[in-house]
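Following this line, the structures themselves.
Shared between the two complexes below is subunit A, which pairs with subunit B and subunit C, respectively.
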Partner chain A sequence: MPEMSVTQAPAPQKEGELVGRGRRDGNRLFKEWYAELDAAAESGDPSAYVFVMGSAAEVLKAFDLNLVFPEINSLQMAVRKVSLEYLNKAEDYGYSTDVCGYVKADVGMHLDGRKHPNGRIPKPSIVVATNMCNTYVKWVEIWQRMYGCKVFVLDIPGQRGIGWSTEPGSEQFENDRRYVQSQLEELIEACVAVTGKPFKIERLQENLAHVNRMAADWSAVLKLNQNIPAPFNAMADGLTYMGVLSAYRGTETGARYMAELREEMEHKVRLGLGTIAEERFRLHGVGPACYSYFRRFLELFQDWGAVYVNSEYLAYAGGGLDLGIQFDVERPLESLAEQLLITGRRSMSNMFFSQDQLADTVRDWKSDGIVYHSVKSCRTVSTGMADSREYLTRIKDVPALFVESDLVDPRLWSEAQFKNRIDAFFEALGARKAAALVAAKG
Partner chain B sequence: MAVQVRPAFEAILEQCSELAEDVTYPSVKRWREDHPGGHAVGHFQVYFPEELIHAAGMLPVTLMGAGSRLEAKQADSHIGSFICSICRTSLELGFSGRVGFLDAFYTTPICDVARNLAGIWGRNFKGMTAEILYLPQNANAKQAVPYLRDEYARVLAELERISGRPIEEADLRRSIGVYNENRRLLRELYRYKRETPWLLSTTEAYVLAKVGTVMPREVHNEILRSALAEIPNREARRQDRVRVVFEGGFCEQPPLDMLQLIEEACYIVDDDLLIGMRWITDDVPETGDPLYALAESYFERSTYSCVQHDDRKPKEEMLLRRVEESGAQAVILAAAKMCEPGLDEQVAYQKTLEAKQIPFLLLDFEEKMTAFERMRMEVETFVESILFD
Partner chain C sequence: MVVGIDVGATYTKAFALDEDKNVIGRSMVKTGFNLAGAAERGYAEVLTSAGLAEEEVDYVASTGYGRYVVPMRDLQITELTCHAKGAWHQFPQTRTVLDVGGQTVKAIKLDERGKVRSFRLNDKCAAGTGAFLEKTARYMGLDPAEIGSLAMVSKEPVTISSVCAVFAESEVINHLTSGTRPEDIMYGAVLSLAGRAHQLMKRVGMEPEFTFCGGMSRNEAFVKAIKHELKAPVNVPDGDMGHFNGALGAGLLALDRVRKLQAAGEWTNRSHRAVQGVSA
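Here is the complex of A and B:
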């Protein structure tokens, strides 16, 4: 994707311009990105379909491939309130009501000639699916059948069990790294074949350097939310930031965006600016939001003065950048394999073996409780939630709310039920806080 | 092993049926009594290289839910409501203490749900190894086989730790030999089903195979040999029935009643039930590095399933081959409710069969279902439509 000049303007000085810049610029970049995809659909330039968890953008952008994120496409359909039309198309075609809604919304769009509400989507020349969600692999098979495109499964072996970890340098880690690295080499071969372009290692190095900057700033932005009040809402604003993070990973534009976002957040922290008038409750989110009723979903929490200060989504869907990873650009492939392994593994662990890490994050971000939003579509993140919640409330005494709906399927949203649960949760949380206050004073 | 192998086929079948369906695992408990200090290792569906467990002198046990024989009372509060039944009832086996005899539990990355089992199991059932056996997901990577070989070595080391004894290459080769024999016998069983389905029904073949998941394979081999010897002597007449392939029961297993009702209307000449037991389609080499031989066989001598992506095995083509090789006229596609991989694949199968003009019927099932009247009508109507077309 060609670089854009828009963000090269000098940083705005006035407070009014600085506050909210991340959101404004994020939305603009997002539009520009879709415009480029629309142009690619017209020109037929090669495109790669990838996923937010482990996109391999660093490699793919070294071949100037346009990146399409089908998950973001499906999410956008829900936000724009048209996902049901697409879901219906896929269900009429034969997909069960029990199939992931992201997959179905996307299938519906393909059946409709790849017309997305944000613009046309180009055909895939190559698709890269990590194993971070198994449904990715089923999803790519659909495009393989539709378009005969090259499918590459990038396999990042995960944690095997609770308490199992591997440190860089250990035999197991080296074994895993070699496996990942050899796959990257095969991915490069596949990209050469698909684009007809030679592989230039300097391009990869440049992309890695951009990611280094982006990751350092993104990690800092996340930490700034440990402040009270939190300068951004991890569910609402976080979604915009994540969109840029995915789409512009490995680019100068993306790196600059993140530096500016950090500047904005530091500024807000200095001024003690939060996202709502009074931050009464701080929440940690597990699971994505309900995008079909996104605004309502957020309001139900905001009405109680609650702010999402962090969310697991920012970790796993951020392709590991929350860790502030730094590639060693002098040994690009090896370092990329290493970091994919470290960050990919951590993202998966966050979903499958999250309990202790979750407790630490709740402590560090000073959250009052966890909101588990179990979504029917996504068994990857939802399967173990009820158990994780049970464990954390029982063992770690962390208050937690458990609600169910879906990311894109509006038929699964029941506001009355949602509201009842949320209200009961905050009443209990309020009482708990009051009791703690009394205890502290007494 | 206390299984009495009586000559009559029906007697064998009855015993197998009791042992295979009993969710209190009497055969495993008996094995533990007969082997003081012995260890049992459970693994979730679909495929696990049981040779590793066997070579350690332990008893491998496949956990594949409990159908309608167990209510997921406790498991329901630990797992989301959109999850397949096999995972619920498998967890309930743990929560209810029914598989407390296990020293370890392994799951594999077949799907998003199964991967999650390792965490849930580990958080709740202490004192038991709860792990993922990492079957590589990039079957087409050049390094897939060596990587899997090393993963097998990792698991083997854990099994050595549990059993407290080293596992030699010779032990592994012996176990490979036992399992090769088992696979040969199962292939023979399926040959009967394919060539003379009136002599061996799918329900019978299924029970005979399934009992192997709760007993040592040597004993299972004996049972299979006895049963196979009896099959040609069975009195049954060939009937003019539609021959179908039954596809989709790969992970969550359909209830026996469902298989029976299908068989009342047609011959199931091939299927993917208990596909993990028959995953490897040829003998695993008994020479060279046994771990490498097992790893290589997993990729190179194996059948297909919707939980594995391998560019060399386009699943719809594999299904067409299964139809052709078994001489089937039609296909019954049956994915389990809430099963993402099964339901995704079903669409591809459906479109391919439509294009090839092969009649097919879609059935929706759950291991725990008990009412079949509607399904019976669907199957009968389907069969009639083929017969009178």
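Here is the complex of A and C:
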């Protein structure tokens, strides 16, 4: 039998290969990314510690810095069921039980020689934070004390006034844009100093163009979940997609991944393929999942035939790309400053003004209700949830469930109480849907 | 005939109903650590009480925190839905239900059809539950059964400000060493509990009529405190019916399910035993 030529043209994508490709490729990319970090830990190549909100990846990747996302590292420790070991290390060191679980898991890992279950993590050469989360500003000081690394905090001015009042083009916005842009110029100088490499504006433009493609496709992917059944679960599958959004932001790989994900989702929509056999309930998530018991967290909803069709977390932890932002690559720094302002303000103002946007999202994604997951160790994410829930249930008549545990601290998970609330919520939701059906039939 | 079983933290209650919703049997046993065993004992006793053979039972619905381990169940339903159903049946103008049990306190807002519109539960804390009063009684060397009668003779209740059932011990000791009478401490604890329950009710947007059920509805001091707190009439089921309210609701929902299956032509008399959650 003749050997099959290795240069043979690839076979057309088979049905089974296309469905689930986003998860498979996402997981593969994630492993590769951690492998690169492990290699950087070995070689000592410069690395930047950044956050999922306002990572400035476009600038940092123009200097070939390896990007380390401490939030993702902590989340992964919980998914891999080892977060408690690291939390205990940090608490033994002196951190209070009330401190953010992400911070403590990260501190524990550093105290343990940066040995992460996914590989070794390199030391920070530079740290870039924003004021989008108040904890970021204190978190970076820990690494500064541990490693003496350069710390750069991008100050994003909040919006003035109530409601969603960011107004691009206004005089105030232009002043703020110049302020952020001047900080980006300082960041570039800092990167030059850390890496010893010159700044090439065409590299930045290239990265921005990749983000433009990624954002357009990601925005389209999210909208495809307005279909019934939804082609992906925003909490389960969404976690993989978010990882790629952060780690591969500003790269050709990331842009191509998102285009392929869009292709997969369009394919699923054409065939009417959902994520479970019967999609009985559609949910919108506010707050992250409990990653310490991630599978169980998802099962408690899936057992009722519920699918998360959207999640606020995909917007904020996905770096604000859900809006389909488009940079003007001819004005790279100005445009980057503008988008940092727009997406940054949205995340900062969300705890005060989320309710109307939530109501619109629930309507457009045809959700039956909202699930608020309050995070015990993160008041930044959880503040405002109770008020938002009151508004949506009382004023907008949107059914809502409020549960609380933690991102990464398994000690704060109480399954019996969690399950009781979830079951009761779906019983009430089922009765509501049945009554609506009867009313519709006249 | 149907049976509703409520496997609660402290007691397992069971009700047998005929097709006209008449109560034909009841049982109450201590839950203990073997939840399935308690359900089996409760089930056996309710059949005896009703004079029923097992093959005469058409459907069994379970509720309570042990609802998933009731071996003979056809259906499990949360106690929120069951208490709403039971309260609506006993007092058809109910709009807000308060259920205070051994480990949970629940406020449930009903819509005009008696369906659950919203609910709130105590979270990861027993300070607002019957267990809080039991601990307070034990700290003073009293039997929990004495709580109601003792608290009723209080003339000057003291403030029990602790937000924690465990830390309440030091507060109780402090009051005792200051010479406070046990009945004033006990009623102070009861008032503290009623205040918490009121807060929970406010958060569901409470509207009259109010119906109070659960094991604590049998405690005369607590009923008095709730009425004092709400400054409004409160429906309290007669005798032990408040304690059985969840089991009653489960039984009524079991009847609904039987009728639904019969209407759909799917009724095969206990051959349907696939366990599932309620959807209507």
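Definition applied: the second predicted complex is superposed on the first by the 425 of 442 C-alpha atoms of A that agree within 3 Å, B and C clash if a C-alpha of one lies under 4 Å from a C-alpha of the other, contacts with A are read in each partner's own complex, and residues count from 1 in each chain.
Note that in this section a residue touches a chain if its C-beta (ideal position, glycine included) is under 8 Å from a C-beta of that chain, and two chains touch if they have at least 3 such contacts.
Keep in mind that what you see is a predicted model, and the values were worked out from it rather than measured.
After superposition onto subunit A, partners subunit B and subunit C are found to sit side by side with no clash.
Once the two complexes are laid over each other on the shared chain, residue contacts for A:Pro157 go to subunit B alone; subunit C is not touched. In the superposed pair of complexes, A:Ala434 makes contact with subunit C only, with no contact to subunit B.
Of the two partner chains, subunit B is the only one touched by A:Gln183; subunit C is not.
Of the two partner chains placed by the overlay, subunit B and subunit C both lie in contact with A:Glu404.
Touch criterion met: A:Tyr93 reaches subunit B, while subunit C stays clear of it.
Note on subunit A: of its two partners subunit C and subunit B, the one contacting more of its residues is B.
Annotation: superposed on chain A, subunit B and subunit C show a minimal Cα-Cα gap of 6 Å. Looking at subunit A, you'll find residues 404 touch subunit B in one structure and subunit C in the other. Residue ranges of subunit C in contact with subunit A, taken from their complex: 65, 77-81, 113, 115-119, 121, 123-124, 205, 277-280.
Residue ranges of subunit A in contact with subunit B, taken from their complex: 93-96, 98-100, 103, 131, 133-135, 137-142, 145, 151-155, 157-164, 172, 175, 178-179, 182-183, 186, 348, 351-355, 374, 376, 378-380, 382-388, 390-391, 404. Against subunit C, in their complex, subunit A makes its touches with residues 304, 393-394, 404, 414, 416-417, 420-421, 423-424, 426-428, 430-432, 434-435.
Those residues of subunit B whose C-beta lies close enough to touch subunit A in the complex are 77-83, 87, 109-113, 115-116, 118-120, 122-124, 129-134, 136-143, 147, 150-151, 154, 306-307, 309, 311, 335, 337-341, 343-348, 350-351, 364.
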